[in-house]
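Each in structure tokens, the structures are laid out below.
Both complexes below contain subunit A, partnered by subunit B and then by subunit C.
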Partner chain A sequence: MTEPLISRRIGIFLALLFVVTVAVPLGNLVIAPGSTGHVPSHIVALLGKYLCYALLAVSLDLVWGFAGILSLGHGAFFALGGYAMGMHLMREIGDRGVYANPLLPDFMVFLGYSELPWFWYGFDMFWFAALMVMFVPGVLAFVFGWFAFRSRVTGVYLSIITQAMTYALLLAFFRNEMGLGGNNGLTDFRDVLGFDLTADSTRSALFVLSGLALGAGILVGRILTTSKLGKVLVAVRDAESRTRFLGYRVEHYKLFVFVVSAMMAGIAGALYVPQVGIINPGEFSPANSIEIVIWVALGGRGTLVGAALGALLVAAGKSYLTAAFPEIWLFVLGAVFILVTIFLPKGVLGLIESRRAQKRDTLVPDAKSAEAKA
Partner chain B sequence: MRLVAAVVWLCISFASPGFAQTLEALMAKLPDGNFSQREEVVREIAATGDDRAAKLLEVLSEGSLHQRKSDGAILWVTGSRRDLTGADPLTGENLGPVEPRSTSAIKVNNSLRRTIRAAIGSLRLMHPDPVRRMEAAEAAFNAPDATQLEAIEAALVAEQDSDVAAALTQARAVTILETDAPLSDRVAAISVIGERGGRGALNALAGYRASDEPEIAVAAAEAVAKIERTQAMWAQVQNVWFGLSLGSVLLLAAVGLAITFGVMGVINMAHGELIMLGAYTTFVVQEFIRTSMPELFDWSLLIAAPLAFLVAGGVGVAIERGIVRHLYGRPLETLLATWGVSLVLQQLVRSLFGPSNREVGNPSWMSGAFEVGEMLVTWNRFYIILFAVAVFAGLLLLLRGTALGLQMRAVTQNRAMAAEMGIRTGRVDALTFGLGAGIAGLAGVALSQIDNVSPNLGQSYIIDSFLVVVFGGAGNLWGTFAAAFSLGIANKFLEPFAGAVLGKILILIFIILFIQKRPRGLFPQRGRAVEG
Partner chain C sequence: MRESQLYLNDVNRSFDGFKAINGLSLVIAKGELRAVVGPNGAGKTTMLDIITGKTRPDSGEVVWNKDTDLTKLDEADCARLGIGRKFQKPTVFETLSVRDNLMLSLSGDREVRASLFHRPSRDEADRIDGLLDIIGLTDDGLRLAGDLSHGQKQWLEIGMLLAQEPELLLVDEPAAGMTDAETMRTAELLRSIAGERSVLVIEHDMEFVRALNCKVTVLHRGSVLAEGSLDHVSANPEVIEVYLGR
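So, the complex of A and B:
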């Protein structure tokens, strides 16, 4: 039995995503402020940020939901993509900075750099930066995964060393000597490709791009996971040794999906940075990476759409609660972690599915059917 | 030389209050006569051994000692020409403004100044309090002055305290180098200084390496090289000590995790917050003691330790019964659920105690420091190392020597069989988890002494603790022990070269690479268990 590329679930989600992607910019640009249906600019930026989180969650679901690799360092790939984009935006400021140096960003003039560090070369070109957005996280994931999967570091141990990886990067990026702005990170961006970042039209364009990227991310994930490669990945997730004994080079499959996922996270970071206007080492903090995991777990792991949904839910809840009741936000998030893992092992989507399945009186858990196929 | 010393000593020792004149009388004689008579009076003043004499002589040497023309009283006059103030030279009591030209200064010449300096030196070196004598000897060592030689030698003869005598011998050696004593004496002096070692000796000798006399230059260069070797060695010892100190902190933070993660296989991400609870328990205990029975403050840590164990252990049992129990065999899910617990605990503490750092004091026996060789050891670090080792030993004893330990090992090795034998595995699980949590609480008591007690305290330890347990090999307590101390020492040896942050990054990278090579840690648990 082959699964269709666009299942009902994914169809509904993509349709909704398309509607939002079209409606929000229209509501912002066409409908005049004050009249019903107008979407304020800060809401556009906020929703654009959520879409980036959703893409990040999809990238994690690809490795955790389908290959069983619980990465506690996916925030690092996100942040690296963000830094690559941030470096381009810094170069685009040019001589309009406080110190009016045509070559060096403000923080370098401030720290007494006399010339641009070598790794900043090329970032003045957009295509190069766009390439680096995928290349840098991809290379890190390749090197890290190549070592880890080849030595069969799995499960909890892999989670702990991915956490150590993002922790090490956090410490490294905090250093001024890294040449990436240290503690303050990169900020004060002005425009991208000549378009003013504060203009409503640019914000809407970035929002549309984020929506398209999320849709594309889900489709790529779907293509991968419905292919034969996807079946092998699920087999790896459910019985790694057995898959290896059947003759599959488990580490190759894992490495491939890990690198694809890291690149996707990098793209999410690159779209995130121009919309929030800053990237700093805090994005590398291990707590951020663990929060991504709960997005996926809440929505339902191994569903792609669920991951995106979980990210949107948690992000929206966080925006609302930290503003309305700042004291209780961590209680709520902590409770979500606890309740989801104990009572909703398949997430919100899994709950909906099993309700429907109960109605049809045929309970077929995903994992078991996948195992049977492998 | 000996003879002179003996004579001076005799003079001084016979100057007992019985027939010596009082300081006041001697002071009154200062304005009279010529300079050589004045020198005589200065020597007699020194011979009184009076506490106030040194200050008087200093004032005299500065030329600030005046005689009032009207009544002949002796005044200490300070201030500028138009605005003079008089004071009693012996008590320092302010006697109000002084009319210009109403007094005349008691004149001093260079010869007299030398005599005064020697007299002040001997006064200080002969002070009745050995602590003050030691200070004077150290001062003489650090600022050698050839005119002080006689005073030093006299004091050396009279000295009873062996420590002060040693310091005086060294001060004498430095002073001899300043004089034109015979070559052999000076070479001997260099070796005395070389024996002393330390930065002061290095400073005293460094200049003589360029001496015109080859014997002196060679001897000084050799002594300097020897001191530098000793110092380099002590620097290494210091690194090891700092490393042990960091290692003990890591061990404390990780050893509880070695139980929950290593023995039970549960990823407890709330471990750091259990440490934090221990630290806050210490804070609460100290607050209570401060307000109601301050005399018990020195005991506060000993009172807090069992309470912290119970608080953190109780929370641990609650976590196990409430959450972890439902998730056995799903380690990644326990990771997420306990992370949720850690967020809740953090916010709970933040809501109860506020987000800022809380003040936890050191009891008196933990503050201060002592010296070992050329290394300063602070008491709190010292006690924390002892405490870490004691906790570790206690844990080993518990696991090896008690029925509960036996049951714990039985349940972790073969749960089904243990249950068959009548062990209540659920109860043992809860107690094991509670034990690991309680030890985290104990760690919190110790860490409250050296770290900021804030709601974020636990976050800074959680990653390090996991790495220590994984590096040492899960399930092996000795592995955790070895990992904590070797990582601590490696970190401190990297710091001088790489800086604190880069050193830490290098350690993290090393552990990541190490786990590739040996995924089960330094001392993997032997057994037939394979992953499914």
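So, the complex of A and C:
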């Protein structure tokens, strides 16, 4: 009677994800260029980027789809994870930069820094950076959530302040004084853990890691949402004050899921940066965070895999449209959001599943009554 | 004299200058069943808001079990002390199943960690089955609460209240939307709970109040107008005036 961890929908998605995660690197590394089935390197990087978006969408679905917290600032957690990874990649360049300074990244030499700012210490170690990828977004989410949830800021007001949060970070990261590369951000990365970032094998490895991270993200989300905690979150979404009168500290539950979600978004950002080769303040732009909401709405809220699917669909559509008709992309995105909100409240996943249910009902008209008898 | 479960003394609360609760004093004894009646806007629901930590009084004492000051506590604290509440408008978790609604309400550890590591148990399932039986929803356990009829939601919320095993049950207009037969069953249920637990019921339906067969408090303009048996208060000229004068 309790929901299984691997439902049909989750199982299908994970199986497909597994196939893609294995097939794409094989198609790139094993099948020679020119023969059928070869996957060009730039496609590997592009698909890897999509997987990171999908993980980001799952993280938003966790808070929005289940707990009803509509965060319009999730791009900030993604970007912070990305910056943490970017800082490590910058340090790893070492003295191979243009200015050949063993300690200071190029942009610091250019801006006349004489020493490394304190918050860059430790990022030369991969393990430290990997921790910061989760820790920094997690701490921000904790501090922000602690104030917001305790003061019972909900609904539109919460959405607005999350948007303000990412906007404030956007402005801050644009400043050179932040010591994070200002408007250019961090780029010109060479390698990670000694592996050349431009090598096909490294790209494939990053792709596989992104696939695994997405699978793990969905599983973690599924474990949380099928637990009693997940039901408390849905209860909060349905009737917040009722949940309080049952004795649940709603703010603690929200804070927990918000922090977990932010850390997941941070991991997505960290995997994204080495695959695209740059992180700049543009990732904090409010529009990015709104786009994540569109992915989740399109795929289907509260389903985890729907969110991932929505991200993949929009990302693919965006790659196609921005190349083919760059000027209409934003209009298409806006139209998709409006149409989905009006006609597909359960998203694409809801549409697919209701189609299938209909088909089953027409094929086996008395399957239900047979079930009932059994 | 029995020990007091809940003690309100000279409680005041106004909203934008309007005195919703005005010098209200009330004592509920342990195990007592009490009906509170009063015209619309008398302050009945606001009184429950004050007892359950949702609304802070401007002044006055609200004391639980003779020693705990409820005015400093929030909703979750009050619930954890053992105060359960059923809302005037039935409020259930619409997208959860009936069983899950009850499961979340069962008394137990409410902390995040406990919920995360919670494992469903045989004992828990049995408790839920028992509750489903009491509220007449045995065949509806797997339905979504949002799909229930208004009356069934009322029952589910009563079930959720029972599941909490509170010391004091605050029940705001439970009979709204119920058939006559169901109304009588509700009265019977509440009577059977009293004694072991304290129950405060707000109700408009006089048949229902009569069936409860308990002490009645008439609230008017935020304070107690009369108190006593139903026959006693309904003979009170001021009460008649308030009810007929509307």
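FYI, the second predicted complex is superposed on the first by the 354 of 374 C-alpha atoms of A that agree within 3 Å, B and C clash if a C-alpha of one lies under 4 Å from a C-alpha of the other, contacts with A are read in each partner's own complex, and residues count from 1 in each chain.
Here, contacts are C-beta pairs under 8 Å (C-beta built on N, C-alpha and C of every residue); 3 or more make two chains touch, one makes a residue touch a chain.
Not measured: the values here are computed from a predicted model.
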item: Partners on subunit A (subunit B, subunit C) - clash or fit; value: fit
item: Partner chain(s) touched by A:239 [first = subunit B, second = subunit C, both, neither]; value: both
item: Partner chain(s) touched by A:44 [first = subunit B, second = subunit C, both, neither]; value: neither
item: Which of subunit B and subunit C A:315 touches, first, second, both or neither; value: neither
item: Partner chain in contact with A:337 - subunit B first, subunit C second, else both or neither; value: first
item: Touching partner for A:140 - first (subunit B), second (subunit C), both, neither; value: neither
item: Partner chain(s) touched by A:247 [first = subunit B, second = subunit C, both, neither]; value: second
item: Partner chain(s) touched by A:231 [first = subunit B, second = subunit C, both, neither]; value: second
item: Larger contact residue set on subunit A - subunit B or subunit C; value: B
item: Closest approach of subunit C to subunit B (Cα atoms, Å); value: 7
item: Common interface residues of subunit A - those touching subunit B in one complex and subunit C in the other; value: 239, 241
item: Residues of subunit B touching subunit A in the complex; value: 267, 269, 323, 326-327, 331-337, 339-344, 346-348, 350-351, 459, 463, 466-467, 470, 501-502, 504-505, 508-509, 511-513, 515-517, 519, 530-532
item: Touching residues on subunit C, where the partner in the complex is subunit A; value: 52, 54, 74-76, 79-80, 84-85, 87, 91-96, 99-100, 103-105, 110-112, 115-118, 120, 142, 160, 164
item: Residues of subunit A touching subunit C in the complex; value: 1-2, 224, 227-229, 231-232, 234-235, 237-239, 241-250, 252-253, 256
item: Residues of subunit A touching subunit B in the complex; value: 70, 144, 147-148, 150-157, 159-161, 163-165, 167-168, 171-172, 174-175, 239-241, 286-287, 290, 293-294, 297, 327-331, 333-338, 340-342, 345
